[in-house]
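Structures follow.
Common to both upcoming complexes is chain A, partnered first by chain B, then by chain C.
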Partner chain A sequence: MAAPMLRGCCPGRRWALACIDHSSRHGRGAPTGSRCSGKRGQSSVAPQHLATAGKPRKGEHEWAAVVGLEVHAQISSNSKLFSGSQVHFVAPPNSLVSFFDASLPGTLPVLNRRCVEAAVMTGLALNCRINKKSLFDRKHYFYADLPAGYQITQQRLPIAVNGSLAYSIRVGAKRSQVINKTVRIKQIQLEQDSGKSLHDDLRSQTLIDLNRAGVGLLEVVLEPDMSCGEEAATAVRELQLILQALGTSQANMAEGQLRVDANISVHRPGEPLGVRTEVKNLNSARFLARAIDYEIQRQIRELENGGEILNETRSFDFKLGCTVPMRDKEGKQDYRFIPEPNLPPLLLYDSESLPAGADPQQVVNIDQIREQLPELPSVTREKLVQQYGMLPEQSLTLLNEVGLLEFFQNVIKETRAEPKKVTSWVLNTFLGFLKQQNLAVSESPVTSSALAELLDLLDRKAISSAAAKQVFRELWANEGKTPAQIISEKKLELMQDQEALEQLCQATLEEHPQVVMDVKKGNPRAINKLIGLVRKATLSRAEPAVIKEMLEKKLSS
Partner chain B sequence: MWARAARLVLRAWAGGRRGFTSKAEPQESGRVTAEVIEHLERLALVDFGSQEAVARLETAIAFADRLREVDTDGVEPMESVLEDRCLYLRSDNVVEGNCAEELLQNSRRVVEDYFVAPPGNIPLPKLDEQESFSQS
Partner chain C sequence: MLGWTLREVSAALKQGQITPTELCQKCLALIKKTKFLNAYITVSEEVALRQAEESEERYKKGHSLGELDGIPVAVKDNFSTSGIETTCASNMLKGYIPPYNATVVQKLLDQGALLMGKTNLDEFAMGSGSTDGIFGPVKNPWSYSKQYREKRKQKPHGETEDSNWLITGGSSGGSAAAVSAFTCFAALGSDTGGSTRNPAAHCGVVGLKPSYGLVSRHGLIPLVNSMDVPGILTRCVDDAAVVLGVLAGHDCRDSTTVQDPVKPLTLPNLTDVSKLCIGIPKEYHVPELSSEVQSLWSKAAKLFESEGAKVIEVSLPHTRYSIVCYHVLCTSEVASNMARFDGLEYGHRCDINVSTEAMYAATRREGFNDVVRGRILSGNFFLLKENYENYFVRAQKVRRLIANDFVNVFNSGVDVLLTPTTLSEAVPYVEFIKEDNRTRSAQDDIFTQAVNMAGLPAVSVPMALSNQGLPIGLQFIGRAFCDQQLLTIAKWFEKQVQFPVIQLQETMDDCSSVFENEKLTSVSLKQ
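And now, the complex of A and B:
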């Protein structure tokens, strides 16, 4: 079978999928909509196109993928959504459970104000319309870690709708070009988390811990405006940064505070959307893109081989690197939604509609929350570009690595070196070392103060930039030493003694008459060889520019 | 086909719950087929067990169907009987929990402070054949 020929997009991938361009994408309706993704005016052409689709011709092996996401973010709160038991990641099993969380008869939900505020704040940050009236519903399914047999969610009228999330993708050979993209946000709904099941296959039993049962979740539904794993992963990363900036969720994927389900389909551009599959529980940033790309490829393969895509739920097996069909609770089912009878509608206010004399503890004011919005990552990046003359892609990297921005800011605060120099050192040298050893910023053996001191010495021209690199390597290897100590121990300071440097230059010239001849014959590269030899003689303690000047003076005399 | 029927039965059940169902479709007959029973058993994890229970279900549906006799045209549905009440907001304080011992008394089997449940969640046999339930 010939590998499907795909139109280029998502650069940097070995295979690339056809991206639907923006103008056509906005014309599409609901996630499941089957409207033509081409421009509206083309609708009369469409049937013709469809008629020829049966027999593939050259150049028709193009597929476009459509990816939508459902992201569950655990709300960062002290207590659960509807009960006063604690929210905490590590605790003895079933210790953070109230009678309501265990669904004992006679218990009732009492809504946590903090969770409502977190949802409103997240909605505002994601450019949503906040619904001043939203409703709670019950979604039924049976699972041992869902003691009530239903989850309270917001199916009919969620708290926030119609938002958007902007993110930037890097393209080009060196990934130095930045393309801005937007994904629409359908809605944000408040809902309860379930408990956790530990499957003991050996003894054929399931252990249930309800500590997580009832923790507040924000379900953020992203419209299918993405077309590959990288776009989806980048959008999720941006959402994660926003949630963390807001403090509405810690959004730590490793601790399950951010969980992603992806809806994926492929189709030929200009034709109706294909049947979609849902890949559940993409709980690792690393595997998110891979799982989505695998599923896109699988669907293309299946269709190219004359197969058919089933509307099914799949999970990603990270050991095998592929998606597999799921059964169990995830099988398509009837959720039998009903309005939650124990919770009246949730009403929100703005400064205008705020009822006079209302108990401030009992009303949530949207305008007040808007005023409290902290700086969002996009603004932080813009500021870095403005303030430090950084490139947009550099600001992206600085925010994407956990703790790197803080490290950078600490170095900037303590050094007199140029911001551009600091940027380059932090993003190239420092981050390069971290990546090489697979370390987080917090695990770095070099502190921000040590780097600041080193950059100061470089700025004062106390050391050459080559020596600075060496000092950095030493700092990395010998935790606890200061740059100044290393410089004096290794005698790396620049030669301040002009005479000594001149002597070295003279000696080098005398030792290499052949090279001197070459220079005199007009070979422009010969001088570089001499500079190199002198630098070696100085143990990299002299700047090449100074050596060059000195040599030229001597050679011309 | 049967899935459609199931939806009809469920709609009949949810007859009073507007907002979820559009205008209820007319009931085909008072009969509930074996397939529908099987589907309901799986959804609700209950065992109807006998023909008598099925007959009771049919009577209940017929009883609920009488709700259709009320003319509700032009009447705006209510969200809930509490819709004019204020939704009380609790401040975010930890005031409950730490009662694992009491809670675990409700469990027939306990392992190291975990509830013990059977593996999976669908006790009905022939799971593979039931996969087709998902298609409609």
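And now, the complex of A and C:
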């Protein structure tokens, strides 16, 4: 059932196959995966939609790729997970380090309520079951930026489990078809971030910055329900949008607030899952997709050449565009987990189980957090489609670009133009310009007010749409000018003088008898040429539709 | 006056019979005089004198902070003290000066107590003799008591006296010796498997292990987080209650402390014990128990019985697994807790800089003694993925069974359990070191350790002197968070047995001849 569907989203890929078997999974610590019966029905979303996506080509059944993700999202909070130190992305090295963060002997962790609430809120938004009792564990390994020699995490009983994340993939030649998919969320756990090591190769030193040590992380474990880089990158993008909407993480990948590790394996459909590798520290959506796709192909190549896949940790070399084994992760790691003895079980309540007379500062009420959930991106998109007659794929784009939705909404607020018109201008013209120059919405030289004004002028037919494009170009190039200024400077107002336009039409017909002949011979495209010539003569100040009407009248008379 | 109890000297301070500075100087002088005991690792003379001055000011103005104001106290060197070196008797932390005070230390200081210094211990509190620290063993003040020396004179064999000095027990031996030798009026110890009660019994002082969760562990450098409790060593039960009253209560820095507000602790004078039920655990009759301790234990039981209390035999069937269970849990947590000592942020760092890993290895090899390294190794073994279920998880289950034994006994109507604290009186150092640390710890913790597994309060009260003239203590174990009831019964017992005061003065006066090998910086100080 699966072969066709992948082609849609990953055109031309040989492995061409996705979430074939939702009851098979390769969880953490089970490299070859085990089949579990159990209820996994919720994950049956993807395949059906895809059955019609195309026919399998020869050879495409050979390999199926299975991709799972571990996403680490830094919690947006004032202070760290277990200490009172502040959390800032930019601060002088080691300026945000409490005694606990530096692991001074005798210091103890004190759980940050805000981080717990962020985890619960994220869990709810991802349809998880919130565990009313969760536990903390220590995970041991020696590393210079891990001062205690262990990380406090939630290995045994995490705060949220069994959720799902819906995301949409765009497929088809023009990527205009939207396919909805779901990836199961195994769990969300609270854990500490590590510090940062800065290697000074010149002096063969390692410098340690503990500002990040102890910052709260949400580790979101996504089940291996994905099958290519694009799916993974799209799922991560959706997660990012959700976290940002919730405010539980700024989730900026460039600033390391969102980091992704990918578990990848390939196997022949119908056979058990293959040995997986883990590609660590992917810090951009683009690299994530590239690393996964590279790794899938590498594994297939390896297996087809009779090699075997090692259960190893690899990193992505973005310069070379390939994955390489991580040297310091060689050998078997045994993290020697132990329950964290200094933190009692984390107990959460709902309105029903809330103990009478409990101090609201001391308890976390799940129901209360549920009530505070903001609108999620999927709902926002749905509303855009409903309210503005947008296509689903347009709503996707609008949300995926940082700041674009807000820009769009500002334009809508200020203009009388049709929402569909606005959508088209924002997504095609505006976004096109941004992409061309590789700019973010916030860096755009054209403000939402300027665009709104331009669309107003267009709306009341003060200018032609071609002129409007020109005005937009001028706006882009000459920051600070208003559309009205540009229009009057460049004399782009629509010709109001019918007679003058008729004269121009007449003159054009007379000057191009050959084209007129073509029209009369029945060439349908010839008229367009005439329209173009007239427009040129009007300096784009007339609407093609009007010109066309005039020309036809003259030609038929 | 130095032999007084905390409450007595507190009254004297209040009445102006003595000033805090005078008291402080007397104690400092005695600390110097008894330096050969090796009870202190660091004597914080300047700090103490400054605190005494401040206290004196308060007394002058009539603004005393309470019963502890101006009282000299000592703190085991595994509690973090701001600006004062905190070593855990380990090379790893030699020279480490913490930037913060442990909560219990801060609470003592907030009450105006004078910090005399940091007391000796086994390295990282791993031991039962106070013999295994880098600063050398602590000597039991009773080695030099008139009571002990007179008994020894009667014996025929003529070993030199010094070679026969006794251990204090441990690991809080320095604190016990400090209180026993009158160099302070109360001391903090820590108790993970008996480390406060054991030396208290050997040194003839009261040693209290409060309920787990009643007193903050913040700033106590951990051995086993789930069993560690700050301990209190004093000359009498009332004093222990005074100190506990100051230390007890929720600490926002220690999430395992109880939230409930703690009431001030005052112990009533029990006149009638007839409504009490005293449990005698039958499993505590072990063959290794010395006949003297055995008979004192029986005597104590009879004492309660004769005063009308109900004394019944009870069973704690899983106690016999406690030692082996403790071994697994203790070493596992030790392996974890010690991971932070890598030479990067603080403490010892070796000279090797080939690689970070090589630096870690050499630092830890140089920084820890064999005992610590041995426990780290075992602990990491138990925590390996393939061993975790078989060792750690099983030990946790056994721990639950051990704790449930106590619950069952207390649910059956027993108020307190009465047991020995140690197998025998203190033994000479030369005897003690014949066995290795692990064997010793396993033997010596036998009566005390299960209490830590269950988080219960327990107190060792000195009962009488042995035939050799050495103190023997008995242990009372109470219900969780019934520390006050426990101490009330202990206080009654203490009053009945009238344990003799250590007679140290005479021997102390001629100790210069006895310890001519010891380099005493100052034998006497102008007072």
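Simple rule for what comes next: the second predicted complex is superposed on the first by the 478 of 557 C-alpha atoms of A that agree within 3 Å, B and C clash if a C-alpha of one lies under 4 Å from a C-alpha of the other, contacts with A are read in each partner's own complex, and residues count from 1 in each chain.
We take it that a residue touches a chain if its C-beta (ideal position, glycine included) is under 8 Å from a C-beta of that chain, and two chains touch if they have at least 3 such contacts.
Worth saying up front: this structure is predicted, and the values here are computed from it rather than measured.
S.K.: Look at A:L135 in the shared chain and tell me whether it touches chain B only, chain C only, both, or neither; answer first, second, both or neither.
M.R.: In the superposed model, A:L135 contacts chain B only, not chain C.
S.K.: Who does A:V171 touch here: chain B (first), chain C (second), both, or neither?
M.R.: Neither: A:V171 stays clear of chain B and chain C.
S.K.: In the overlay, answer first, second, both or neither for which of chain B and chain C A:F99 touches.
M.R.: Touch partners of A:F99: chain B and chain C.
S.K.: Just checking: does A:A466 make contact with chain B only, chain C only, both, or neither of them? Give me first, second, both or neither.
M.R.: neither
S.K.: In the superposed arrangement, does A:L555 touch chain B (first), chain C (second), both or neither?
M.R.: In the superposed model, A:L555 contacts neither chain B nor chain C.
S.K.: Which partner does A:R114 contact after superposing on A: first (chain B), second (chain C), both, neither?
M.R.: Touch status of A:R114: first partner only.
S.K.: Does the superposition put A:C322 against chain B (first), chain C (second), both, or neither?
M.R.: neither
S.K.: Contact-wise, after the overlay, does A:P344 reach chain B, chain C, both or neither (first, second, both, neither)?
M.R.: So A:P344 meets both chain B and chain C here.
S.K.: Spot which of chain B and chain C makes contact with more residues of chain A, would you?
M.R.: B
S.K.: With the two complexes superposed on chain A, say which partner A:N78 touches: chain B (first), chain C (second), both, or neither.
M.R.: Only chain B; A:N78 stays clear of chain C.
S.K.: Between chain B and chain C, which residues of chain A are contacted by each of them?
M.R.: Comparing the two interfaces on chain A, one with chain B and one with chain C, the shared residues are 99, 102, 104, 110-111, 140, 142, 144, 206, 208, 334, 336-338, 341-344, 362.
S.K.: If you look only at chain A, which of its residues touch chain C in the complex?
M.R.: Touch list, chain A to chain C: 99, 102-111, 138, 140, 142, 144, 147-150, 206, 208, 334, 336-338, 341-344, 362.
S.K.: Which bits of chain A are touching chain B when the two form their complex?
M.R.: Residue positions touching the partner: 77-79, 83-86, 92-100, 102, 104, 110-116, 135, 140, 142-144, 156, 197-199, 201, 204-210, 312, 327-329, 331-334, 336-347, 361-362, 364.
S.K.: Within the complex, which stretch of chain C touches chain A?
M.R.: 79-80, 86, 88, 93, 96, 98-100, 102, 217-222, 224-226, 252-256, 259, 332-333, 335-336, 338-342, 344-346, 356-357, 360, 380, 383-385, 388, 392
S.K.: Provide the residue numbers of chain B that touch chain A in the complex, in ascending order.
M.R.: Checking each residue of chain B against chain A gives 6-7, 10, 14, 17, 19-20, 43, 45, 79-100, 103-104, 106, 109, 111-122, 127, 131, 133-135.
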